[in-house]
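Take a look at the structures below.
Consider the two complexes below, in which chain A is the common component and chain B and chain C are the respective partners.
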Partner chain A sequence: MIEILDTAPLSSVQDLGRAPYLRYGVSYSGVMDRLALRAGNAMLGNAEGLACIEIQAFPCRIRFRAARDFALTGADCAATLDGVPLPPWWAKPAREGAELTIGAPRRGSRAYLAVAGGIDVPSVLGSRSTQFRGSFGGHEGRWLKAGDVLPVGAAADAAVQAPGFGAEPPQTAFPADWAPPDLQPSTTAVRVLPAGEYGLFMEESQQRFWDTAWKITGQSNRAGFRLAGQPLEFAQRIEMRSHGIVPGVVQVPPSGEPIIQLSDAHTAGGYPKIGTVIEADLWRLAQAPLGSRLRFIPVTYRDALDALRQGDAWVAALRRLAEQYRSLCNSGRTP
Partner chain B sequence: MTAEEIAQIATWLRAAGLDTLELTSPQTRLRLKLGAVAPVKELAVQPAAAVPSSLDARATGLFLPIHPWCETPLVQPGQRMEAGEVAAFLRIGPLLQPVTAPSDGIVGRCLATPGKLVGFGTKLFEFSPEGKAP
Partner chain C sequence: MLVDNHLTRPNVSMLGTSAMLFEAPGDFSLANQRRIWTLARMVSAWPGVQEAAPCMTNLMLTFDTPPEEPERLEDALLAAWEAAEPDQTEGRVVDVPVIYGGEYGPDLLDLAAHAKLAPEEVVRLHTESRLIVFAIGSHPGNAYLGGLDPRIAMPRRKVPRLRLEAGSTSIGGLQAGLGGTPGPSGWNCIGRASIPVFDPQCYPPALLAPGDIVRFHAERVIL
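Right, the complex of A and B next:
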């Protein structure tokens, strides 16, 4: 079991979400940065979809009530285990009573704590993710708070041996080499497919959507990012019926400033969609801090699928190499 | 060295796109050649060495004395290290494998080129086990 010693009410239990229930009007939920969760689970030998703790406010302090392997991925936090600094994207064993402190990120904005065996809260509608609108799933359907004690599942095969091992952060494994060279500092580039109503915008607005940096405002959270910039204009007024939307959809409300729908978004909406951030780049959004800027880079459907496969192959390679390394360490020889 | 470990090394060798590997330690001599039968010569067993005077690569990978997200190396020449402490990383695909101090001691000069591929046994740092003069 692990105990939350201290956290702001922005940490929650999440897994890969409830995609199959989207069509029944149940929000996706799940981690904002799927690559970070999948990598953490791969490093520990967990099944890919086991639940973790998503941490969005810092510092966060956690105590391991029993010895347990863990992996901390996502943002580059100044984390320590019993006072010993932990490299970013690192898996390590924690002894009984060990205290993990996750400090403010130096880069990125969300940290993911995966534990061997996963956070074993009850599965509701096929997922352990916290669903805030319906107040179910996760730990009592709510944000975590100090004093919460979370059960962990049975750990699989070979344990992690001290001092542990790491993964190359995806920011360096997948540099945005498709982004324009004139990208300003504190700007995250994400690839976007034009969506259904793209053609209904003024040509000048279409161009500006790609050419300018959009600021992520303070009214942004797990449900969506509200962006600020010169409003986009429609060629004609349009009224639409509500229709299904998925995480990554970029809507443009009448104000003209885009909204990106994310993990906790409603399952349907009626605003026109100018584009969709590709699934392979949602982790980049998840790690873009409030107040920073986004640049949208047009991409083809084929390239979007390639990017998704690249991520899958990376996670699979990490899982294979981590498994080999853990078993080598457990064979009694110092690697 | 167990058969399982040799199989492991063969897997890494294939993953790294290499086909031959020779490895000599005080206890072991290993010659791997993928896809062929390599001639084996008897080797006289040598007495086990003391704690080595260098930190060596224990795998084939890219030598990273600095974490991809950091500006400064993990250790500086002359720094005291405790047994098991991490001095650098070897990047093998997406995996960062730690290079650790085998005992308490003082780490010396870096002997390998950062960012370059190093093989099993490559000397990475000078290392003086505790109690010995550097």
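Right, the complex of A and C next:
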């Protein structure tokens, strides 16, 4: 069991999401940064889909009521275990009673605490992710708060030994080498495939969609990022019939300022869609801070598929390495 | 000016690498929608398809595995649409009591003004519309209803409301809706149902299913 000692109401239990229930209006939910959770689970030898705690506000303090291996991935946070600083993207054993403090990110926005065996809340409609709109899943269908005690599942045999081990964060494993060279360091570049209504925008607005460094406004959250910038203009305004949408879809409401749909987005919408941030880059959005800026970079379908596979291969390689490391530890040899 | 997206031929577009959207040509009609339900049943068994989620005369396919060649999937989808006959399943009749206006329907008066009708007349046209569940989507249990009297159609709000309660009955363009759970919405809300619309512990979790006939009853009208 682990206990939440202190958190703002922005931490929640999430796994890789809930599917296939879009036809009942049930969104995916799930972590915003799938690579971070998959990596954490790979480091611990967990099945890929086990649930973690997603942390979006800092500091967050957690106590391990029993000894347990854990991995902290996602944002590079000033974290300590029993007062000892923890490197980013690190897996380590926690002793019974150990206290983990996850401080403000130096880089990124969302941290992921995976534990060996996963956070074992009941599965609802096939997932442990918190579904906020329907107030179900996760821990009592809500944000975590101080005093919450979360069950942990049975763990695999091969355990992590102190001082633990780290993984290369995706920021360095997957640099945005396809972004324009004049990109400001505080601007996140993400790749986008044009969507169904791209052609309905004025040519000048289509170009401006790509050229603008869009600001992520404070009205942004797990449901979507509302962007600020000079409004895009429609060449032709239509009232769309409602249709299915997925995380990454960039809608343009009549105000002309784009909204990117994310994990807690509605399963359907009716605003015209100018593009879709590719699945392989959703983690970059997850780690982009509020108030920072975004650039959309056009990509081909083929390159979008390749990017997705590179992510899969990276997780698989990390899982193999972590397995070797843990079995070396258990054989009594020094890795 | 409000223009429905009348397509003269089916439109297929990609939503990144995650999904493909099929939009049927022609009217926003039940006959078209019945073909969408048939299409959904056909393609949900295709390899690589995680789910076929029907919405308003359109269908979204999500992928377990994104297609190598989306053009081939698109061709197969178009061929399946040509072959799809209207689904003939008989829907259930579901009676839904509603409180109209006041805090339950904050947009009733705006909608009446837009339609140049008395609010009571809006309620009458809403309760007398033969509404059929076209799709469940957007948020848990939310029903998209076809068959709205066009006299009470109204475009979505320019700025979405931050919260509508569970059970909200609303109008967005030519569509009517019945919301399953509380949350933000861009639709015009005219009332609220007094029975639950979604329960995640049940299977299926939604009160309504595509093809069901919804009869709204005015339990109360607040003016």
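Operating definition for what follows: the second predicted complex is superposed on the first by the 335 of 335 C-alpha atoms of A that agree within 3 Å, B and C clash if a C-alpha of one lies under 4 Å from a C-alpha of the other, contacts with A are read in each partner's own complex, and residues count from 1 in each chain.
We take it that a residue touches a chain if its C-beta (ideal position, glycine included) is under 8 Å from a C-beta of that chain, and two chains touch if they have at least 3 such contacts.
Source: prediction; values computed, not measured.
Enquirer: Could you check whether chain B and chain C clash or fit when both are placed on chain A?
Expert: Result for chain B and chain C: fit.
Enquirer: For A:Ala173, is the partner it touches chain B (first), chain C (second), both, or none of the two (neither)?
Expert: first
Enquirer: Determine how wide the angle is at the CA centre of chain A between the CA centres of chain C and chain B, giving a multiple of 10 degrees.
Expert: With chain A as the vertex, chain B and chain C sit 160 degrees apart.
Enquirer: In the overlaid three-chain picture, which partner chain does A:Pro88 touch, first (chain B) or second (chain C), both, or neither?
Expert: So A:Pro88 only meets chain B here.
Enquirer: I want to verify the contact counts: of chain B and chain C, which reaches more residues of chain A?
Expert: Result: the larger residue contact count on chain A belongs to C.
Enquirer: Report for A:Ser331: first if it touches chain B alone, second if chain C alone, otherwise both or neither.
Expert: In the superposition, A:Ser331 touches chain B alone.
Enquirer: Look at A:Ala317 in the shared chain and tell me whether it touches chain B only, chain C only, both, or neither; answer first, second, both or neither.
Expert: first
Enquirer: Contacts for A:Ala47 in the overlay, against chain B (first) and chain C (second): which applies, first, second, both or neither?
Expert: Neither: A:Ala47 stays clear of chain B and chain C.
Enquirer: Does the superposition put A:Leu290 against chain B (first), chain C (second), both, or neither?
Expert: Neither partner.
Enquirer: What is the contact status of A:Pro163 with respect to chain B (first) and chain C (second): first, second, both, or neither?
Expert: first
Enquirer: In the overlaid three-chain picture, which partner chain does A:Ile238 touch, first (chain B) or second (chain C), both, or neither?
Expert: After superposing on A, A:Ile238 lies in contact with chain C but is clear of chain B.
Enquirer: After the two structures are laid over each other on chain A, how near do the C-alpha atoms of chain B and chain C get, in Å?
Expert: 24
Enquirer: On chain A, which stretch or stretches are contacted by chain B in one complex as well as by chain C in the other?
Expert: Residues common to the chain A contacts of chain C and of chain B do not exist here, since the sets are disjoint.
Enquirer: List the residues on chain A that touch chain C in their complex, please.
Expert: 19-27, 124-125, 131, 133-137, 193, 195-196, 236-249, 253-255, 266-271, 273, 276-280, 301, 304-305, 308
Enquirer: Provide the residue numbers of chain A that touch chain B in the complex, in ascending order.
Expert: Listed in rising order, the residues are 39, 76, 87-89, 106-107, 162-169, 171-173, 314, 317-318, 321-322, 324-325, 327-328, 331, 333-335.
Enquirer: Within the complex, which stretch of chain B touches chain A?
Expert: The touching residues are 1-2, 4-5, 8, 11-12, 58-59, 67-69, 84-86, 89, 91-98, 100, 102.
Enquirer: Help me check something: in the complex, which residues belonging to chain C touch chain A?
Expert: Counting only chain C, the residues touching chain A are 1-5, 11, 13-19, 21, 23, 28, 40, 50-60, 62, 66, 68, 70, 135-142, 144, 155-156, 158-160, 172-175, 180-183, 186, 198, 200-201, 204-206.
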